[in-house]
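Going by the order they are written in, the chains are A, B and C; count residues from 1 in each one.
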Amino acid sequence: MNLKGSPFLFLSTLSLLIAVVGGCSEGTGVGIAGSGNVRRSSVDGVSSQPTRRKLVLTGSSTVAPVMHEIARRFETLHPEYRIDVQTGGSSRGIGDAKNGIADIGMASRDLKSSEKSGLVANRIAMDGICLIAHRSNPVMSLDTEQVRSIYRGGAKNWKALGGPDARIVVINKAEGRGTLEVFLKHFSLAIENIEADLIAGDNQQVIKSIQSNPHAIGYVSVGAADYEVKNGGQIKIIQSDGVSPTMNSIRSGQFPITRPLLLITKGQPQEDAARLIQFAQSDEVHDLIKAQYFVPSAE
Amino acid sequence: MSPRLNDRVLTLVLSGAAIVSGGLVLLVFLFLAKQSLPAIVSVGISRLFFDSHWHPTATNPQFGVWPMIAGSCLVTIGAIGWALPVGLGTAVAIEFYSFKYVMGFLTRFIELLGGVPSVVFGFWGLVSLVPAISYFHPPGQSLIAGILVLGLMVAPTVALTSLTAIRSVPSEYRRGAVALGVGRVRFICSIVVPTAARGIAGGALLAAARAIGETMAVLMVCGNIPQIPKNLFEPIRTVTANIALEMGDDTVFHRSVLFLTGLVLMLVVMIILGIVEPFRKRVAYE
Amino acid sequence: MSEGSLGKTKTPLYSMFDVVFKVIGWGCAAILIGAFLWMMASLIAKGGGRLTAEFFSGEPTNFGRSGGIGTVLISTGLVLGICLCLSLPLGILTAAWLSETVLQRRRLRFCITRSLDLLAAVPSIVFGLFGMVFFCQTLQMGFSILSGGLTLALMILPIVVTTVYAAFESIPSYIRLNSTALGLSKTTTLWRLLLPAAAPGVMVGTVLGVSRAIAETAALIFTSGYVTRMPESVFDSGRTMSVHIYDLAVNVSGGESSAAATALVLMAVLFSFNLVAAGISRFYYNDSAAV
């Protein structure tokens, strides 16, 4: 039982490694059949089902809910598609689209100049960003200076702003989130100067924190806030400089903080991605976009 | 005697599997190192420690990870700080002050508690504990919330390892103590605990390793502000939570720095476990 | 493990300090028990009402606020299945090598056991990072059940190896000696004698590994993803129960009741696993391997 002759051992190990890795990549070979971004699920390789086409979308938590709905409708119209929608933030969407993990990235802000190379942005809707507070908070409107002062740690108590005598709990969004960047740009704030008490990732996380924290303030997508208010959430939308964010005020540009909702592809969208993007930009989904309180871009 | 063919194949397959298993940690390490390379080369390790803030996406990005390291350390030390006495106390109660059936039942119970997933602890902390803390001192998501949740999570580990350590005290000591008429308190304080000290300390370090590597529970209850807290009620962000929170970003350096912090975290946990090594009565593989 | 507990022959109770100690000790135990009961009570209060038959079969609707967790259960099962498909064979073979191929290769053996120890020390979020880069990107599996399962397989491998190794070691050596004396080949000895004898240990290892895997969240967020739909193949993304709890608790306002109900299901599964593992250990090894 002498196996000290190491070449044997070495070879066996090598072959096993190759087998493992090979097995894996073989699996993927089936998984990513065909051209470019289209993934076909492996089951179809062996069964006789019609070929399934798969699209993966990741990115902004603002765009995800509406794309989720659009994708459902698209699937009912084209049963051969399967569309997976995942969140993670605008930067993740842009990143995933760039390095090919996702077929389409979702972003809720304009591409930065450093990101533009090789990526194509397709606008599907407009959205605003609004400040929100707990429903029990009497403050109705804040002007730009007040918001700046709250977020830079100047105003620390609601009393000075016409609210209850309580410390303001400032909620900010995590770095890499589209909403954060639009917010900072609009209020000409630098991330270094913000003094926050909590940091949240998704829109929903901000809303959730405010619901459990009567003295908190945060900012989210108008669509998400509207949806929450209409569905009985314990939050209220605070007017910016006296203007309420509505579909009309966003469309007309009267409401100051707006941004595009984008679908990002690496290069010009390929056949399947192009089909979905076209569908998302068409009239057929305006009701879905409006149901999430966004402004369809074609209007 | 020449080995049969199938034996030879068997040996090859077995050693192959063993080498693959052994090589996995190397694979993990290499991939993390490869991803961290841009950070090490372009940002430089020194900036991680000398930049005063963590603003990876600012116009002048800052990559100071001190606040997060401080957060991780504080929350871990705090958690062990109360989990160690409570766990040890529980072990003593089980071993010395309970009936036989209660003993078995309690041990079982603690084992169950130790198996509760961290995300459930985090969820409970978020919906029950944080509002309670917020009632006294808003915003509630804070260092103290992290300490309480994490401590509760690792206390069963401490209790069980302490129990094992206490039980491995030679029974001659007990007989000797009985013969000499030593009281139980005296017995516990002067004989059991000193004898089992290494095992107990090993258990505490094991718990610390688990606590510092924990992500979900702290992500949910700590508030995630990268700052060095001035008191227990201020929010903090740990190294692990930072990775989970910001991993989405694709800016090369930002992403790479996150991998680097992951790598550092892995090394720190390994060092802690390296310290545990001599404390632990080694059962595995001997 | 123990020759008997120290408390068996009681040392005398002398002083009032004993009372103090008793109170402190039980106080500590009461904190743990109390916190656990508080947790269970709040989970049941929030989610107990949701636990109907539909909850186990339905698909999550309205981002998980309503509906069931049927698809989540299936994704969880698939992730665990993939995880075991890799970790179990690899773990058993490795344990067999460590235990059965004698002591010729001391240095290699040392390296492998040590690196398995190191693997056990890697924090789960780091596994998540690795899985994302290695499985999702380098091997191009994307966010899929496959990526998640394989990542978890690496994570639980050390547990499986340790437990199975202990099972091999607990097999009396006369079995090996007799087998050699009868001229049976190594292969026959391993397949026909040792593996069946180690089967309970393999089961314990499996259950312990699965318990760890099913509780995991951080390693899965960036590998198997968030999708709640019925997975059609392992190349689809799917969320496990833990990820579902996390997402509902953090990202969905009004998702508490679903999260609590899912947490109850997860805890029930874990507790039954724990009981099974303890039962097997107690029956076959007269010992608790669950620690």
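Keep in mind that, in the parts below, a contact is a pair of C-beta atoms (placed from the backbone, for glycine too) under 8 Å apart; a residue touches a chain by one contact, two chains touch by 3 or more.
Keep in mind that what you see is a predicted model, and the values were worked out from it rather than measured.
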| item | value |
| --- | --- |
| Category of the chain touch graph - line, ring, star, complete, other | complete |
| Interface with more contacting C-beta pairs, comparing B-C to A-C | B-C |
| Centre-of-Cα separation between subunit C and subunit A, whole angstrom | 33 |
| Subunit B and subunit C, separation of their C-alpha mean positions in angstrom | 17 |
| Per-residue multi-chain contacts in subunit B, two or more chains | 3, 7, 11, 13, 15-17, 19-20, 23, 247 |
| Subunit C residues counted as touching two or more neighbouring chains | 186, 250 |
| Numbers and ranges of subunit A residues touching at least 2 other chains | 1, 99, 201 |
| Parts of subunit C lying in touch with subunit B, wherever the complex brings them together | 1-7, 9-15, 17-18, 20-22, 24-29, 31-33, 35-36, 38-39, 42-43, 46, 89-91, 93-94, 96-98, 100-101, 105, 108, 111-113, 115-119, 121-130, 132-134, 138, 154, 157, 161-162, 165-166, 185-187, 190, 211, 214-218, 221-222, 242, 245-246, 249-250, 256, 259-260, 263, 266-267, 270-271, 274, 278, 288, 290-291 |
| Touching residues (chain side subunit A, partner subunit C) in the complex | 1, 4, 21, 24-25, 27-28, 31-32, 39, 41-43, 52, 54, 56, 58, 61, 65, 82, 84-87, 99, 101, 201-202, 204-205, 207-208, 211, 228, 233 |
| Subunit A contact footprint on subunit B (complex, rising order) | 1, 3, 7-8, 11-13, 15-17, 19-20, 23, 53, 55-59, 62, 130-131, 134, 138-141, 223-225, 235, 237, 245-251, 254-255 |
| For the subunit B and subunit C complex, residues of the former touching the latter | 3-4, 6-7, 9-11, 13-28, 31-32, 35, 85-90, 92-98, 103, 106-113, 115-124, 126-128, 152, 155-156, 159-161, 164, 166-169, 171, 174-175, 177-178, 181-188, 192, 209, 212-216, 219-220, 240, 243-244, 247, 258-259, 262-263, 265-266, 269-270, 272-273, 283-285 |
| Footprint of subunit A on subunit C - complex, ascending | 63, 104, 136-137, 139-144, 146, 150, 186, 225-227, 229, 232-237, 250-254 |
